[in-house]
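Order as written gives the chain letters A, B, C, D and E; numbering starts at 1 within each chain.
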Amino acid sequence: MGSYITFPELLIWLPLLAGIICFFAKKEHAAKSIAILFSLILLGISATSLFYTDAKYINWNAVNYFYPNNIGNTFYVALDGTGRLLTFLTALAFPIILLATSKNSYKNPSSFYGLMLLSQAGLMGVFCSMDALLFYFFWELALIPVYFLCSRWGGEKRIQATFKFFVYTFGGSLLMLIGIIYVYLHTPERFFEDGTHAAHSFALNYFYRAQLSAGDQNWLFWLFFAAFAVKMPVFPFHTWQPDTYDQSPTSVTMVLSGVMVKMGLFGVIRWLIPLFPLAAERYSHLVITLAIIGIIYASCIALVQDNLKKLVAYSSIAHIGLMCASLFAMNQISFQGVMLQMFNHGINIIGLWIVIDLIEKKTGVKNISQLSGIAHKAPVLTIMLVIMALANIALPLTNAFPGEFLMFTGLYMFNPWYGAIAAVGIILAAVYTLKMIQRVFYGDSNAITDQVTDISFFQKLVLGIIVCLIFLIGVYPQPVIDLTKDAAVALIGRTK
Amino acid sequence: MNAIILSAVWGIVMMFSAVFIKSKTVPKYLALLGIGLIFLVNALELYKGWLIIDMNVKDMIRTNSFNLAFIAVAVGCTAFYFLLSGRDVEKVGPHVAEYFALIFFSVCGVAISATFNTLLFLFLGIEIMSIPLYILTGSEKGNLKSNEAALKYFLMGTFSTGIMLMGIAFLYGGTPNASFFINNLQIGTGQMTPMIVTGMLMLIVSMSFKVSAAPFHFWTPDVYDGAPTVFTSFMSTIVKVAGFFAFLRLFENSFGSMHSHWQKLIVFITVSTLLIGNITAIFQQSVKRMLAYSSIAQAGFMLLALFAMNEKAREGLVLYAAAYSLATIGLFAILIKMNDFTIEGFNGLSQRQPILAFTATVFLLSLTGIPLTAGFQSKFYMLIGAVENGHHFWVVIVAVIFAAISAYYYFRIIQAIYFKEPAKEEVSFVWDITIPFKIMLVLTAVLIVVTGIYPEWIIGWLYF
Amino acid sequence: MNNVLQIAWLLPILPLLGFIINGLGRNILSKAISGLVGCLVVFASFLLSVFIFIEVKNGNSQVVHYFDFLNVDLLKIAFAFKFDPLSSLFLLIITGVGFLIHVYSTSYMHGEPDKDFAKYFAYLNLFIFSMLLLVMGANYVVMFIGWEGVGLCSYLLIGYWFRINDYTNAANKAFIMNRIGDLGFLIAVFWLIAKTGTVEFDQVFSAATIAKLSATDITGITLLLFVGATGKSAQIPLYTWLPDAMAGPTPVSALIHAATMVTAGIYMIARSNILYTMAPVTQGVVAMVGLATAVLAATIALKQNDIKKVLAYSTVSQLGYMFLALGVGAYTGAVFHVMTHAFFKALLFLGAGSVIHAMGGEQDMRNMGGLKKYMRTTHLTFLLGCLAIAGIPPFSGFFSKDEILAAAYVHNPVLWVIGVITAVMTAFYMFRLYGMTFLGKFRGSHEQEHHLHESPAAITFPLIILAILAVVGGWIGVPKIFVHGGHRLEAFLEPVFRESNAITTKHEITHATEYMLMGVSVAGALIALIYAWRRYGKYQQIETSPKGITKILENKWYVDEIYNSTIVQPLRSLSGFFNNIIERKGIDGLVNGTGKLVNYGSRQLRWLQSGQVGAYVLLMVLGILILFIIQLFL
Amino acid sequence: MDIKAYLVLSLTLFTIGIIGVLVRRNAIIIFMCVELMLNAVNLLLVAFSKMHALSTAVKTSAAYAADAQIFVFFIMVVAAAEVSVGLAIIVMLYRNTHSVDVNFLNRLKN
Amino acid sequence: MNITTLAFILLSVMAVGSAIMMLLSKSPVHSILWLIVVFFAISGHYVLLNAQFLAVVNIIVYAGAIMVLFLFVVMLMNLNADTEPVKNYRMQLIGVISGGALLLVILSAVMKMDIQQPVQMKVGDQGLISNLGKTLFTNYVIPFEISSVLFLSAMIGAVVIGKKD
């Protein structure tokens, strides 16, 4: 390995390959097993890559295909702290999602699984790419399969909802494209191995060396932020999210909320803050204020949500808002907290979606008001959900606690008031989560929930894995934190 | 030069073939042969500088790798056009060979307007390009729409020709050394004389008309809608991009030094074109008409080349020519197979014709400008150019916002293809869809994707 | 390193083990086994804590570090346990009382189906586990882990009968109120980190660190910590959850909502006593709040008819006492009262439980009476408990309460007066309860009367043990005016409060005054006691609609209603506003509005395309004109 | 003679042509107006050629002056070609709809 | 006020006047006749400018061939009557106004120019047939060749469109 093929390449090409294979699979179980098999292999690879973080394995973790062109971009992919963690999250999320996808729930499944894997490839690319143009490529490519998945297999209002989502993100990323171009035109000249040279370059390290005045940074910041803010989403760019989560098939919702929203945060970490440290400094208060408004706002709406999926969607908005806020607190504690929390949030929310999907499948409704007393019909399901929910409200010894603790600490160090106000969110989170548990699971079962049966062994297994992860990281988060140390330090270095 | 001569000659060949060949299918193969030859000789000229006849053109036509490469692109697209829609040309009317002959003459005009070096040849090129189109537009004699379109096109076309000639006259009068050579108008770097301004302005108007840029675009929807679909496909792609190339060539060589003086005109035209094209396209129900408006919208993006007028923009224009033409030709080729041109006609295409559905999606994504398609690369180059140019930055923002809006109507078709249930009656296709046709579609799609991944294979030619 | 402390990590692990066994095996384990497991693990940890206690008593108190919980940048949070007199004492109380209550539960919860039975014990073990974490944690974060853990367990146990909606409501209320407190706790921790960069007790309390903190910092931090305490220990304004928490099974009320969890606040403040000593403002606040709570709860308790509610309010009031003690700097007194209170309040709850058990779930005292002759053990132990809480010498309550009152008097006589009044009220309502329950003649239905019987050994055994403790428990803290050096507890806890004591200026009070104080309070208590005995000894049900102050008291000063209308409703309507107006109409409306606008524009622009050549040419000409104007005049 | 006179004249003719295109509805007349526009251009070109013939800049090569008139010649050529095509289209239209009124051409709109 | 100027004015008035008449006359036939008058006037201008070749060609091609073609077509359709029964006066007014505005704008733009270069009248040999012929067949032979393509396509057009089938 190493000299032949590198981790990032494997991470990108394998799912792509698998996806294309899946398209030609005739039977469902064939397609599904291919998908699961490949995603498990990928998980293995990604897990292995966690043990090769050391600098001396650089040519295992980074590759830079040069091909002659006159705009100076190369196929430059590499794994660094954040990217490694998020690729691992992606690699971890997909097997779980695919396993949780119950049989023949989607018509013509082969293309369904194919598209799923394609989106995985796109995500991997986003997290690996070290070249702005490449990054933009993958940024869009991750979107397209998801668009098709949502509007093909979603609920009845899927087309409008998904299209709203698409236009939102597409517009945002086009603005980012302009920003990329502008920065590109200010990068120094680049000389290639073969003697040819380009006037500018898209490579990350060249972008870091771009000559940008403070004035430029101030508006470039917003061009980039538009794309990331929509993706996260930050208040007030969030209205696509609840509808989309509600309408799209749950497997896709898991991808969206578990992994895809991290793209926005990742973008901020990898591109926004390092490229425009001055502007980031300057606008940090504005962004944090927005994010905190988002936290309170989303939590309040979650209080009165009757639709289970929308409730989770809004709670996710609140969580992302917190991450965004503490990203812009810009100290190492908050950075590492965010990086840790991105991973945790991915796991928790996927678990939450699995359970909610099960409930919807078993009862056929997703309105809290119609559900009641599932607890004594399906105790295991209940326990699982309660654990997920508690992780969602960051109870100690669940994985979310260390992350949120660090984030709040960082935010508080940046400015006590932000920390304090943002922390109100944890109360609201407790309120709506417990209300949801009470309404759905406690009390006496009604006509709808009478026939509910408990979950199968297989589902127990899948959820069990997630629960184990939750507690594992909750009790001993340090290894994950260490993984992101270098990245955070480097980031701090850029901002200073 | 080779392309000009051979296409003219081959037009005559086609014309006479009508006398000897009675079969309806043979002319297509003859035309394919011809276009292949033209591509070949043009390529030879590009690589080796080899000429069919070495005549002294008195510098009235100037060939360099750049415009030869463009001719190669145009001819290549024409070849794809023949391969995809050749069989549909036969469906239009009895005079198949004549249709092909006209197309060849039009290609001759394309070649001229890509290489002209004097206003005379600009004029001739544009005319040679357009007059066959008037005829082709009206070639469906029984169809009133076709007639109407032809008349409208003709009247307004000649009108714009008049404007253009007036402009040329003013330029001639305005230049101190009476000359029609575009690079010899000797426009100083100072303020332009009123005559020059007037002349240039009238040229802008007439060229904008040819490339259907607002507010001179009004003929476009009607003509594209009325003309036989197969010819709409031709005139909305190859001819239009040729017009753009001529536009760019003229203004770069003659008024390039005064760019800052007339850039605001281009800004006005660009923005209004983007606005009208995109906004009006949204509400269209007929896909054919929608594509007409989308061609206007794309024109707005191509105008960025004139707005920027730098190296990247020039490359971008050629890329755009290829990307836009291929995608549109492909779409029209699929559209012809439909028996109703409304968007509902596409409902559930994916279930009946997966290959068509897939390729159509690729074409639409390319037109929208999604990465990995040629469409993205061309837009990307345009944007680089436009940003590099530095003035009127807001135009770029407007452009991308409209690019986002354009997704709205392109994706309506995609939604129809994939997410809507097919209409009950299964006979939604007039003509059978042959295997070669599918293969060609896939080939086109592949080409688009390849260009999207590695556009340098086209750009490389420009600096051969 | 000593081998007992080496295996100290077993202490929390054992209950956790019990939790896991009972939790996973709840479908297969029989009642006997799960009960046995539940009790055994707690008993084991009790033994362990006894050893640890001895170890610590031999002056070997230390911090045992296990692994880094969080280690980021300069912030290092260790997962470490601290063994010192304070924690070891609490360990004893928790595991000891905990064990007794486990035993009690085996019989009390016997009616439950197997799996629920196992679930119950699992929760109980989990509670012990978190409580141990809370107490042993060597820094605020580990403490917070336990802190929220116990909150979770109380939530789970209050909502144990989750099919009844009121119960789950109570559970939610408890958890959310605790969360509000926890928020204060958390922010205090952030503040600490921001200022000092550490949360380890030893470092925080070291003079060097405290030097880093300004007076404002200390006041702020301590106040915020106190907010946490009010949540956990049910003080004003966050006390209302505790009475509702009586929805849970009675042993739970005894363990969590009387003996252990609710004292966490006191433990935490005692733990960070040095900070509080250095923040007189906070101390004042703590004392005030504590006293206010004591009075308020006591007044409410006067008019409650639900036997458990009375006990609950008395708990709140007693906790208020403890905070008063903390407020006036009598940390030892507070801890002392925690211990004694743990004994007699657990005893009282368990007794009440035994009564309820006998009455077949009946909790309204108006339907009881005359149980004396049916259940002797219960009656006797209960009486002892009442005497203890009423502060009648020589029962344990007397000593602790007296110590607190004395300290209050030293600090400010007014506090003392109010304290005494509260004590009197306590004596009154406790004996009102006693009288209504055990004296007079039975007022319940007949089948209840047939059903009446003394509870089995598993119930009476803990009662007896606790009764003994309630009697003798106070003797480790005999004030020096009786026996010199009689206050062994003070001596034992001295190292913990050394710095505080060093700072606070102790002005001794004369023996005479002290006797006088004792006399007054005891006398008051006795009078109230006898009055209540006489009055409620022959209590008859008289149907009179309550009016005036009585009505207010029966409705608990309408506090719940006030909270509901001032906090809950506004929040709900705000959310509704956000959801319906801003989200739907505002933001989404804007987004969709843009789409609509584009569509509209599209529909309008189409009319430009009129189809008329003349019009087209005209528009072209106008276009030319515009271009000319732009070029020439702009 | 001053060139301005010729400018005014031919621009007037040109504008008359444009106005004709605007106001008349008979396709043939419109077409004729376009022809008028072309003639106006021709006139202007010839005038310019004669102007340049005197101008010092191009005295050296009298050929340049001829260019304009050649150009006029080509314009006539093109005009002739256009006329044949245009009239053919008009006749075809007349065959189908017995009218040459452009205002009746509104099957294609919006 | 010499004879040249006089002729110029005369011809100009004639051209403009008959152009307007072409515009105003109802019957297409009259319009065509008026247009022929305009062409004659323009040819007169050519003569005045000593562009003999163009003068001749103008008469032959335009006044002769093209106009006659028009005349034939009109006759063929016998459009001698008024072909525009319903008048749209508003449209006409707008048309005239905008056209006039265009004229004014262009003139105002062009008249600012500083060329005092007179136009050579009656003399000068560029316009002579021999000269033009020489230029045409030396410098301009290629455009000449290529313009044949136009006629070819026009021819085909006649076939494709005109031919009845």
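What we mean here is this: a residue touches a chain if its C-beta (ideal position, glycine included) is under 8 Å from a C-beta of that chain, and two chains touch if they have at least 3 such contacts.
Keep in mind the model is a prediction, meaning the values are calculated, not measured.
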Shared chain contacts [subunit D and subunit E, defined touch]: B, C
Chain with minimal offset from the mean of all protein Cα atoms: A
Farthest chain relative to subunit C (centres taken as mean CA coordinates): E
Mean-CA-position distance for subunit D and subunit C (Å): 98
Between subunit B and subunit C, centroid-to-centroid distance (C-alpha), Å: 79
Computed distance of Cα centres, subunit E from subunit A, in Å: 71
Separation of mean Cα positions, subunit B and subunit A [Å, integer]: 42
Sites on subunit C at which at least two other chains make contact: 606, 609, 611, 613-614, 617-618, 621-622, 624, 628, 632
Shared-contact residues (touching 2 or more other chains) in subunit D: 3, 17-18, 21-23, 25, 30-31, 47, 49, 51-52, 55, 65, 67, 70, 74, 78, 81-82, 85, 89-90, 92, 102-103, 105, 107-109
Where subunit A touches two or more other chains, by residue: none
Listing of all chain pairs that touch each other, if any do: A-B, A-C, B-C, B-D, B-E, C-D, C-E, D-E
Touch list for subunit D against partner subunit B, complex: 3, 14, 17, 21, 27, 30-31, 34, 37-38, 40-41, 44-45, 47-49, 51-52, 55, 57-58, 64-65, 67-68, 70-71, 74-75, 78, 81-82, 85-86, 89-90, 92-93, 96-97, 102, 105, 107-109
Residues on subunit E engaged by subunit B in the complex (per definition of touch): 106, 109-115, 139-140, 142-143, 146-147, 149-150, 152-154, 156-157, 159-161, 163, 165
Residue ranges of subunit D in contact with subunit E within the complex: 1-9, 11-13, 15-20, 22-26, 28-29, 31-33, 35-36, 39, 42-43, 46-47, 49-55, 62-63, 65-67, 69-70, 72-74, 76-85, 87-92, 94, 100-101, 103
In the complex with subunit A, residue positions of subunit C that touch it: 67-73, 75, 115, 141, 144-145, 148-149, 152, 155, 159, 162-163, 165, 168-169, 171-172, 175-176, 179-180, 182-183, 186-187, 190-191, 193-194, 571-572, 574-576, 578-579, 582-583, 587-588, 591
Subunit B residues touching subunit D - in the complex, by the definition given at the top: 119-120, 123-124, 127, 131, 134-135, 138, 141-142, 144-145, 147-152, 154-155, 158-159, 161-162, 165-166, 168-170, 172-173, 176-180, 221-222, 225-226
